[in-house]
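This is the structure, below, for whatever I ask next.
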Amino acid sequence: MSIDRRKFMKVSGLTALALAGGKGINVLAQEDSTSVAAPKTGSFETPLTAKRWAMVCDLSKCREKEGCDVCIKACHERHNVPDFGNPKDEIKWIWKEHFEHAFHGQEHEYITDEIRHTNVPLLCNHCDNPPCTRVCPTEATWKRESDGIVMMDWHRCIGCRYCVVACPYGSRSFNWRDPRPHIEKIDESFPTRTRGVVEKCTFCEERLAKGLLPACVEACPAKALAFGDLEDPESEVRALLREHFTIRRRPELGTAPEIFYIV
Amino acid sequence: MIEKALSGNKQYWGWIALLVTTIAVAAYTYIRYQYQIGLGITGLSRDVTWGFYIAQFTFMVGVAASAVMVVLPYYLHNYKEFGKITILGEFIAVASVIMCMTFIFVDMGQPFRITNVFLYPSPHSLMFWDTVVLFGYLVLNVLISRVTLTAERKGIAPPGWIKPIIILSIPWAFSIHTVTAFLYSGLAARPFWLTAILAPRFLASAFATGPALLILLVLILRKFTKFDAGREPVQKLAIIATYAMAVNVFFVLMEVFTAIYSNIPEHMAHFQYLFVGIEGHATYVGWMWTSVILAVVSLILLFNPKTRRNESILVVACIAVVLSLWIDKGLAMVIAGFVPTVLGHVVDYIPTLPELLISLGIYAMGALLVTVFYKMTLSVRHQLRTEGYK
Amino acid sequence: MYDSGKVIIGVLVFLALLLFPVWYNLASGEATTQGPELAKPVKGEACVLETAYMRSNHMDLLDDWRERVVRNGERIFAAPDGQHFEMSLTNTCLDCHADKEKFCDECHTFMAVDPYCWDCHIVPETPTRQEVTYVN
């Protein structure tokens, strides 16, 4: 349904034809982006691309500073995530949970204190086999084939919350109320959401398009979050996976999460 | 034919006025409160994302499907005793499906985007299929009930082409509740629902609830109108409800056994939450044991021929069946799937007053539809008796 | 025709009711044949597509942009005149058409349409808004 040459000429009539005769309509061309109109940071000319994005979280670095929430703040400010101040209406893209909840079922009585008290950063796992996209009745959430990001279309979501029910990681939030009054400082370059739709982490796909790393990765003072292409053997994430023993959340469910944790 | 519903005595109009008032209050609550503020006015939360509305939807899908319990014996086995009440069953189905759709509508965050389900059909989503089968079931039952009632009014046999459509409606009734069960039982994230027996269990509970409700309706009609379905169909419905209830209880016990004996914590936790509570969270424990007691009482009363054949006691048994299964399916089944959460937190969900009011309004709407449909049917039959065929 | 007088009166009453919005708005002075006066863009030499097309079909373009950005991951729109733009309502359209009230709303109110773009997309608070001049 893109506005292509033919459609554009059809609707805009003779003037457009005259214009076409003069300069040639180049509506679809993407190749030479010479004079991109004012991106605020980064550039669309140098996007970050991958066959499959993945993240490795080094918990030993993450727990260095107790109570650190830099990644959460960076993400939530960047994406206009509201703060309702209560768990009922809560919306979160990235948050922290105690080990026993993050790795539900893998804790035990004699686990080291260090691990027991680790606050694990959690976000959408961008599963290779996501159950949320399977249940969506409108394709409002889907896995992007080009790089594996589980996307959200807030224009299309009907708010049935089936995806929230299907996600085994609690990664999805629903806008129970109008979020706008609860956003402390609105970032003008990113939309807010409307009440009645589901939202979640999108691996900062809008930043990747401009060649920027995800906000949480960029912000982490301990450099605990590594982000890269899982299918590139030379990538940082692959190097970390080679060198360390890593675990994923609920691997037995067959969702193939793309967030790996070094305990 | 609708004009037949526009004449009635004081009692009839009083009942209609009560229902319309309830609907108006609910509509006002929805439009001026929930639609303005959002689903935040319900008790639902980030952790318990489906609740009372979806539970009522699930329960009513069962009631809709249960029409097959009169349609099947009458049309497939030519069981003539059900002749008078088959159309009543079909009308319950129509009203129930409309209620189901309304419950879904009020549960949606963006209700006016509902057309997206058809604009971007997604066959990989069970919700897409549930929409398809529910719409189909509505169309089938509207068509069947209208054609057969029109034929009855004219005193002729229903046209031949309707028979295959009636036969089609039988497996279709099974499909609506099966697909509704699949909505839940296909989710790896929710161990409470992840059970192959969920669809059969849904069907068993539906086939107990539906006939029990129909018995109550038929007996109410006998008391307040000139319509008497007779003793035999009521007894036959009671037998159906008896065995369906027994099968349902059996299935529930299978679930409990598998969860408890296997000793897998995340499977046990949900039953624990329902029947004993976890960490002091015991919101539904009282309800669950009430459901258990009602189930036992109903089974005793239904299996014992003496009590079953006594219609006054049968009424008690039927009320017990409906209440027990409503608690089980219209309350606990959906909520317990979310508690404990996927991260092992125990959170409470209690429906709010506006949520209950809106639900009550939808039930009133269903009752209004059934009243109007029954009134039409009974007027047609009354006219036939007093004036003969036209 | 039987009762032709009554029928004609009936038809007239019906038409009067049917055309209520037209005569009511004309009588109350709310409706004019004049289109609304829209704010001029604060910068930029040419719109992404020709003005006449944009006036009547901007919603199609925005819908197309939304599809391409959100669903296809495309970001850049190559205009027929060789310019390139980020496909973004807030970052591109409103960058030039800075006065949303005197540009978008003015015409939407005139046309009695109520798009919900602004439920999510943000109207930047821009200091240039005061400098805006109006078309006569």
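So that you can tell them apart, the chains are marked A, B and C in the order they are listed, and the count of residues begins at 1 in each.
Here, a contact is a pair of C-beta atoms (placed from the backbone, for glycine too) under 8 Å apart; a residue touches a chain by one contact, two chains touch by 3 or more.
Being a predicted model, the structure only gives us computed values, none of them experimental.
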Category of the chain touch graph - line, ring, star, complete, other: line
Pair with more cross-chain C-beta pairs in contact, given A-B and A-C: A-B
Identity of the chain that, by mean CA position, is farthest from subunit B: C
Mean-CA-position distance for subunit C and subunit B (Å): 47
For subunit A paired with subunit B, centre-to-centre distance based on mean C-alpha positions, whole Å: 40
For subunit A paired with subunit C, centre-to-centre distance based on mean C-alpha positions, whole Å: 33
Residues of subunit A whose C-beta touches two or more other chains: 194
Touching two or more other chains - residue numbers and ranges from subunit B: none
Residues of subunit C touching subunit A in the complex: 49-50, 52-53, 56-57, 60-61, 63-64, 66-68, 70-71, 73-86, 90-92, 95, 116, 119-122, 124-125
Residues of subunit A defined as touching subunit B within the complex: 87-91, 97, 100-102, 104-105, 131, 134-140, 156-162, 164-170, 173-178, 194-198, 253-255
Subunit B - residues contacting subunit A, complex: 37-40, 44-47, 49-50, 104, 107-111, 113-114, 116-117, 119-120, 122, 124-128, 131, 183, 186-190, 265-266, 337-338, 341-345, 347
Complex contact set, residues of subunit A against subunit C: 1-3, 8, 11-13, 15-16, 19-20, 23-30, 33-40, 44, 144, 146, 151, 153-155, 186, 188-194, 205, 209
